[in-house]
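Okay, so chain A shows up in both of these, paired with chain B first and chain C after.
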Partner chain A sequence: MNSKIILKASFFLFIVWNAVSAQNLLRDEPQNIYEFAKHLYCEGDYLRASLESLRLKEIAPPRDSYFVAGSNFPFEDSVNFILGKSYQNLSDYENSTNYFSKFLNSNSPLKEVAAKEYIKTKFLQGDELYLDKNFLTDEGYHLLPFYYAYKLLSELKSFNCVDPIEKLKKVEDPSAQLFIAENCAKLNSLEYKSPLTAGIFSAIIPGSGKIYTHNYSDGIISFILTTLFGYLAYDNFKAEHNFRGGLFAAVGSFFYAGNIYGSAISAKIFNKDMKEKFISGLFDGLRKNNYFIDEVNFCK
Partner chain B sequence: MRVFIILSLISFSLITAQTSEAIRWEKNELNYEIPVHSSQKEMDLNYKSTKDFVIKPLINLYWLLISNVDGDNCPFEPSCSQFFIDATDQTNFLTAVLLFSDRFQRDSNFLNRLKYKRTKNHKLLDPIQNYLFE
Partner chain C sequence: MKLIFANSFLFIFYLFGLTQSLEKSLIDANFQYAVKLFNEEKYFDAVTEFKRTLFFDTENKFSFESNIYIGLSYKHGGFFDLAEKFFNDAFRCAKNSDDILLAKLELLKLFLLSRNEPKAQTLLFELTSRYVPINKQLHFESGKDFSYRFNEIIYWNGFSQLYFNHPQIANSFLRQLRNTTDSYYPFAKELLSITDSVIASQKSERTALILSYILPGAGQFYLGEYISGLISFIWNSLWLYLSIDAFTNKREFDGIMILSLLWFRFYSGNIQNTSEFAQNFNSKVLNKWLNYLQNDFKGSKP
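And now, the complex of A and B:
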């Protein structure tokens, strides 16, 4: 009887152990880690995609000729590209450029796209875009038009666009040329408000500085408050109620001075909002055009 | 014996489930009053620095004459007095007074509410950082 139970239990344990160990083996297979990292990347879980890709690099050392099943690119390239893109999406530009730079002097089929992604990351990083020595190779020169496009975009990002026609000739892609020209025109047509003018307006007519910066209701309220207390002060002084007159004059002056300073600040806020809207429109357009980079679709 | 154990297990789980349901659905006393968080501000009479001797009497006077009378009606977060305290911390006294005056005038405007973001307390988010420029 006991031996029968032991036999049954052993059989059951054997099946369970087999199933569990099979799962573990499958989980650590490079093919499956790659598929999982790719899945996470496609789902937008860039942090876990980068962690899985790093785990994959640890488990499976680089082998140039090794193609992962289901991938059109060599294993090492695919993983480096996913890492570069994941870090780029996580705004970790240092690590992103590090992985994309691995492609620059290689024979990878992803080289051109990765080089463009490298330039894009440098652009996103906010540093002034400069010609990296890695591009000064004979085969890198065909990327120069793309680099010039990003150089102009970088200038636009810094709210600077002087003499674009000459510079645009170096950008060969007509859609990029059009996009940059349009945004340059948009930048040059921005009408900034002068804080000094706003302050002077409010000093002459209380609240008019705020109206000048399109804060209409704030301007009207400031006008009402300042003139009301000004009138009360005048009326009380006229009736020889000097204490009350002084009190109203003090409150009126407090509002008057605050409104002048507030109008100058309001002009600065107006300019800041306008710049933010411009940047937001620029990046929306870039996203719509996929940053003028051909998409490597890992997610199909 | 086996039947007895199974029956007791089933009946026990049924009874405990019933008890938790009964607690969940018992009658509750309702209170429709809106809780008042801080209508009265306590005066801060703790003076530690020279700056405190200048700013704290002004704040206390503002609380006594305006804030406490007005109640919990300030639409902004931080409140005007806190805005002034933050302004004195991050700028000089004169700039802080001018910023406070501007804030006080915006406080009186009922038509500008849409341009501010709302906090979770439905107050208008308007910190001093929005008005500091290099």
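And now, the complex of A and C:
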């Protein structure tokens, strides 16, 4: 009698357990979610990686000491790191800094990289970098050179680089020093075209202001048009066709004024283009150098 | 005693079977769940679950199906580039020639949707040269007879060529139909009649152009654009008359100027106009039928 009940119970238990586990283990087991989120992050599907990580944080209560097999990093930390990086790649900088800032007061093995990522995110966001008190502790002290490098980079980003040599001494990484010095030289050698000069040039010789701002075809066209109408007006006045002369003079002066205004605008566009080129070059270089942050070996 | 023995034996057996089948059944269940999400049109979650299946499915049992489903989900969401990537992955995971054909056909539908004619034509050429018999001899691929997919390939060839406004080519493909019991046969027959009526109601651009070359405005008349044809005729004859008049009155310079600057400009404008009208006319005819294909046609569509 007793064993019959045990038999029935064990059979029942098997059925229930099998059904429950078959539905949930793959999706809800923390280890599996973690591996899957990591895989999604490595595949570049950052949106799903962040959603899976958030789900993991909901399911598994934060435990700092819980180490995942095959990973060098504590579980909670790696998830926060994946979240920070995913949001960073999704350009959601607010959430990204939020997750990276959790590392600043911790003693996680990921702390240094996360702090660097934190600074990088602030830089990408365009926020003012300020000296966090965590960088001044004995532990965080070696982050100071990195912080100074990004301070200089954000100055470069706002087209400002004065007396870099003194400041560059604080940046200890030689490749970062070289990169900043090169970009600083590039910034200071940018030749801006003054709209006023362009306007004056065009007032003296029509079209020359546009040629001064490297806008050759427009310059030649406005020179030809203005001189053509000028000549027509002069010729008609000379032949005493006063009405026609006046008409041509009016059209000619319209072109003349337009050419002066256009030259000033052309100079402004030239400056804007140069600045955009400099910024895109700066970010290309940063991407090439991986933003001076060592790669975390999540994806083998 | 016997009962206890039987009980413990059963229990051990259960445990053994459980550990063996647990992982497989988990992946199976996850795949089924993903398919369910897909059928409920929850494409974002479906993609997540199919990706999970792909990740944990180390034996590649569902890799082909999952990739196809992910591609389909992205296609429904309008992410054609991602869909193309996953259909290509599915093609790489294909286990047999049927899978290969399925993945290729999905790619073809995707190219039709994204109006990528060069890619679609390349793919069609590949499919046709592989699966459609040349000189009435069926192609065999690794001992497999694909004659049963013949109508399907013909159908998609006809559909795509009609879609890209080549009704003549579509017609020549659809005329090769055979195997009347095939499920594609009735729809392909319908497509054939559609291409027939498109060809019948479209007007030849070449005829219109030749007419316009001979008599300015005649091409427009042929296409039913009477007012435009009349205006074209009047302008052309006016400038021609004026230039001839100038020549007869020995004002050669005026004659040359009118002929070269005015008459010639209007004459070439008339030719351009005719070609534009012909294209508009033909695409109007085609669009009417494409509209029918999109809304009322029962055959399979991209």
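We take it that the second predicted complex is superposed on the first by the 270 of 300 C-alpha atoms of A that agree within 3 Å, B and C clash if a C-alpha of one lies under 4 Å from a C-alpha of the other, contacts with A are read in each partner's own complex, and residues count from 1 in each chain.
We take it that contacts are C-beta pairs under 8 Å (C-beta built on N, C-alpha and C of every residue); 3 or more make two chains touch, one makes a residue touch a chain.
Here the structure is a predicted model, which is why all the values come from computation and not from measurement.
Once the two complexes are laid over each other on the shared chain, residue contacts for A:T97 go to neither chain B nor chain C.
When the two structures are aligned on the shared chain, A:R48 is found in touch with chain C, with no touch to chain B.
Between chain B and chain C, more residues of chain A are touched by C. In the superposed model, A:T121 makes contact with neither chain B nor chain C.
In the superposition on chain A, contact of A:I6 is made with chain C only, not with chain B.
Touch criterion met: A:G262 reaches chain B, while chain C stays clear of it.
After overlaying the two complexes on the shared chain, residue contacts for A:S154 are found with neither chain B nor chain C. In the superposition on chain A, A:L225 contacts chain B only, with no contact to chain C. In the superposition on chain A, no chain A position is in contact with chain B in one complex as well as with chain C in the other.
Of all the residues in chain B, the ones that touch chain A in their complex are 95, 97-102, 104-106, 108-109, 111-112, 130-131, 133. Considering their complex, residues 3-4, 6-7, 10-11, 14, 18, 21-23, 25-27, 32, 35-36, 39-40, 43, 45, 48, 51-52 of chain A touch chain C. Of all residues in chain C, only 3-4, 6-7, 10-11, 14, 18, 22, 25-27, 29-30, 33, 47-49, 51-52, 55-56 touch chain A in the complex they form.
Residue ranges of chain A in contact with chain B, taken from their complex: 215, 217-218, 221-222, 225, 254-255, 257-259, 261-262, 265, 268-269, 272.
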